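Note that chain A is present in both complexes that follow, paired respectively with chain B and with chain C.
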Partner chain A sequence: MSKRVLVVDDDPDVRLFNTTVLEENGYTPLEATNGEEGLEIIRKELPDLVILDVMMPKQSGIRLYRELKTDKALKDIPVIILSGIAEKTFLRSQNALTEFGGEQVPPPQTYIEKPVEPDELASVVKKALG
Partner chain B sequence: MEIKKLLFVTKFEELCFDALRSLLGLRQSALDHVVFLTVIERDKVAMHRGAGYRKEEEIRLRERANIRFIDWAENLFVEGMEVGVYIEVGTLVSNVIDAAKDENADLIVIGRSHKGVLETLYSGSDVTELLRRAATPVLVYKHLTESSLVPEKPFERVVLATDWSPASLRAVELLKPLKNVIQEIHVVHVVGDEELTGSNAMEIQKTRKDRRQRLDEVCEIFEAEGITAEPHVYIGDPEEEIEKAARESQATMIVMGSSGKSAFVERWLGSTPQRIAEKSMYPTLLVPPEQA
Partner chain C sequence: MMNKLLLIDDEPDILKVLSMSLRADGYQVHTALSGAEGLEIFETEHPQIVLTDIRMPGMDGIEVLKRIKDASENTEVIIITGHGDLDLAIEALQNGASDFINKPVRGLSLEIALKRAEEKLEIREKLAAYTQNLEKEVRLATRELLRKSNFLSRLIRSSNDGIVATDRDFTVIVFNPGAERIFGRTAEDVINRVRIDAIFPGEIAGIFMNAGTHLEGAEVVGWRETTIQNVDGSPIPVGFSGALLMEETQVMGSVAFFQDLREIKRLEKELLHSERLAAIGQTVAGLTHGIKNVLHGFKGGSYLVDLGIGKGDSEKLTSGWDMVKRNIARTSDLVMDLLTYSKEREPEFEDCQPNAIAADVAETVKDTAEENGVAVVTDFDPGIGTVRMDPHIIHPSLLNLMTNAIDACIFDEDTSKQWQVRLRTVLEDDRVILLEVSDNGTGMTDEVRDKLFASFFSTKGHRGTGLGMLVTQKLIEEHNGTIDVSTQPGKGSTFSVRLPFEVAGNDM
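This part shows the complex of A and B:
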């Protein structure tokens, strides 16, 4: 059975691009349009990998990532962040949330600033899934 | 009633990050989530004879907005705030109403309308339309005249104009938790000339005393929360007197309940709160009544 990869992004063009690359490389893509929906699908489907945007309606990837990594049942699911937001900003925001009394979270498996080339995406997905 | 989530509506002309930054004082109360919304007007990308739908133009406008929002969001993310974004194509008011509902926003912030006089006369401005339809409090943000500077702390000195309507009372509930943000509130009631029916000074003084006592009760609510509040009675045209009250108290913002008039009456005659929101030089926050 092929590995299932959840793509969480509010931009339909980005979702189409990512899911096409995943399908062409033999994975089963799942889709969510915002962090809230993403978390629901993660809890229900337990995907093997999550490709996560940061800036989205309802719940950002920053909060979704934190919820994922502080949930015992979900924290081992690898996450690739794919976003226009700089990695430095992402890490600083996680530090700020930790300072507000949150639990410390590890950095994401891979961080890619948009846009990404198909080969690069396929390669990091393969690496993240071992 | 707390302001935790703010929907910031911008066309990048009338409202920019400096305006948002001035509102971040609300973090000292409860604000922890900002949602950006921009709407690309359909006319800009619609079907043109011989050209069809201008998809490339839509992509260009979307990306332009996205780049600005990324820059703004980075500033907020590093402070541990939550940020969301909507870049939509369509009509402004419908998209604002939908996003406010989907996000369960506590406050909508929008700039003053830029429609022309004739356009406004026939179709009403976007701001008026939004004020008419929104179930969420709306802050019509204004820059200080001519200088284009934003008020540094817009919630610092508030004029709360009240007529004790359900919407006015809801405005009190909205301001109550903002002890850390508001320095003083001037609670104002305007007695219309038509209400002064008595022909002698005693009758007029009696009306003033009665309204003043009712204002004292509102002030006591704020004082109990640790917010300094002063009552003021004005006589005359509400639009002019509220503006005068704001000037006299060096207000940074006017807050009012939106009108209790029916939608039909408002559409044709307008309402004092809407006119103030449109015309006043002060940022104006209108609070609608609780929806059934």
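This part shows the complex of A and C:
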């Protein structure tokens, strides 16, 4: 059975792009349009990999990532962050949340800044799924 | 004070008796036996009172009287006459004698005559002192008045503000250099030549000239901003205040003060511009995020197009091409918003119909709205006809507010609502039109409301450039208008734009 990869992004263009790349490379894509919906699907479907955007309405990628990594049942699901936000900005916000009394969370498996070439996306997905 | 007295008589006995009696009364007495001798003594002693016999050999009393009066008008001359000299006595009085007494000289009549003479002297002295004092006072007052008037006219001259004062007929009588600069006319050209209605804006001249006499006291016209038409045709923004000058209940004139606001306006504009440039600079990060997303969309689109071509899959080809087109539109929105926001632009007033512009905007967004279950309702004030405004400000501002309002409904999770977006125009008064966009969508939290006009803030995720409200606000401010918002989370929002207009057909 092909591996299932969840794409969480509010931009339909990004979702279409990413899911097409995944399909072309033999994966089964799942979709969510914001963090809240993303967490719901993760809990229900337990995908093999999550490709996560950061800036989204409702729950942002920053929150979703923390919830994922602090949940025993979910923390081993690998996450690729794909965002227009620079990696250091994302890490800084995670550190700030940790200092604020949160649990220490590990950095994401892979962090890619938009825009991304289809080949590059396919190769990081492959690498993350080991 | 002891009075000096000159006694002239040709009879030595009379001289001796009289002088003794007068000295006893406290006078300082000089005596002469003839008119000529008397005049000589008069020259050196300057007595205040002269007593002279009328009939004397050589120079008679009348001649002595005339000469003394010629030399010193204020000297009192008392004539001593014999019996039957009434005609001479009258002649003496006509020539300025103060009194006459008859021979033989009796103590009482002499005393009375002297007393009268002394009283006259005293009154004359007081009068002289009083007159002198009065002259001095007048001189001092005149000098003070001159000094004050000089001070005031210098004060008026040196004021940076334009000061224009008029008489009761509203003819200009004061026009200082500040006023010359603002109006572009010389004081010479206007003072005593024109009335204020020839140089003031009609509205301001009207305030003074229509005030009438029913006002009591100095009626002050409060500070307001207006525009002066300089003779070279350039409009000068000024702060204006003024007063009717009243005397009792009568208008005696008027005064108007004009503060030149050109420099202040220029600085304000410069500040706004630099703030805007700074905002753009500071938010390059926000901009970068937007551009990265758009680029990602382009890559995705071209990837799908390539796939579609390679596999002959027309569905992928179409969706890829749609993605490219959408991102072209996003690029265009972002670039146009940035351009509008960073560019200085003077509003260009032209004859236009705000209702027609509003109808066009409503028509433009109607299809998208209805596709998403949002009704578009219009309510236009028929009192608004053709006016002078800048349509290139009205149209994009309304379009942005309408698009936002529709999005506020689309984003709303309460699907039980009948979503509605309402566009209303109201003629508020003879110079302001209200354009109101209201929706019953999501409404805004305080947090969102506070960030409404912040750059690159968007609640629309990938759909917003984060510049829309900023651009709208800038356009409205350039039109000297205002934008207000009232909102309630879950209930909806109302945006009220107030724009000033000019009467149509006033091409200058």
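The definition used in the following text is that the second predicted complex is superposed on the first by the 130 of 130 C-alpha atoms of A that agree within 3 Å, B and C clash if a C-alpha of one lies under 4 Å from a C-alpha of the other, contacts with A are read in each partner's own complex, and residues count from 1 in each chain.
The rule is simple: a residue touches a chain if its C-beta (ideal position, glycine included) is under 8 Å from a C-beta of that chain, and two chains touch if they have at least 3 such contacts.
All of these numbers come straight from a predicted model, not from anything done at the bench.
Residue contacts after overlaying the shared chain place A:I85 against chain B and chain C alike. Legend: residue contacts after superposition of the two complexes on their common chain; A:L16 is shown touching chain C, with no touch to chain B. Shared-chain residue A:I51: touches no atom of chain B or chain C.
In the overlay built on the shared chain, the residue A:A96 is in contact with chain B alone; chain C does not reach it. By the touch criterion stated above, A:E24 is placed in contact with chain C alone, chain B being left untouched. In the superposed pair of complexes, A:R63 makes contact with chain B only, with no contact to chain C. In the superposition on chain A, A:E117 makes contact with chain C only, while chain B stays out of contact range. According to the touch criterion, the shared surface of chain A, contacted by chain B in one complex and chain C in the other, consists of residues 10, 55-57, 84-85, 89.
Listing the residues of chain B that touch chain A in their complex gives 35, 66-67, 69-70, 73-74, 77-80, 82-86, 99, 102-103. Residues of chain C that touch chain A in their complex: 285, 288-290, 292-293, 295-301, 303-304, 307, 316, 319, 323, 326-327, 411, 459-462.
Contacts from chain A toward chain B in the complex involve residues 10, 34, 54-60, 62-63, 84-86, 89-90, 92-93, 96-97, 99-100.
Within the complex formed with chain C, the chain A residues making contact are 10-14, 16-18, 20-21, 24, 55-57, 84-85, 89, 113-118.
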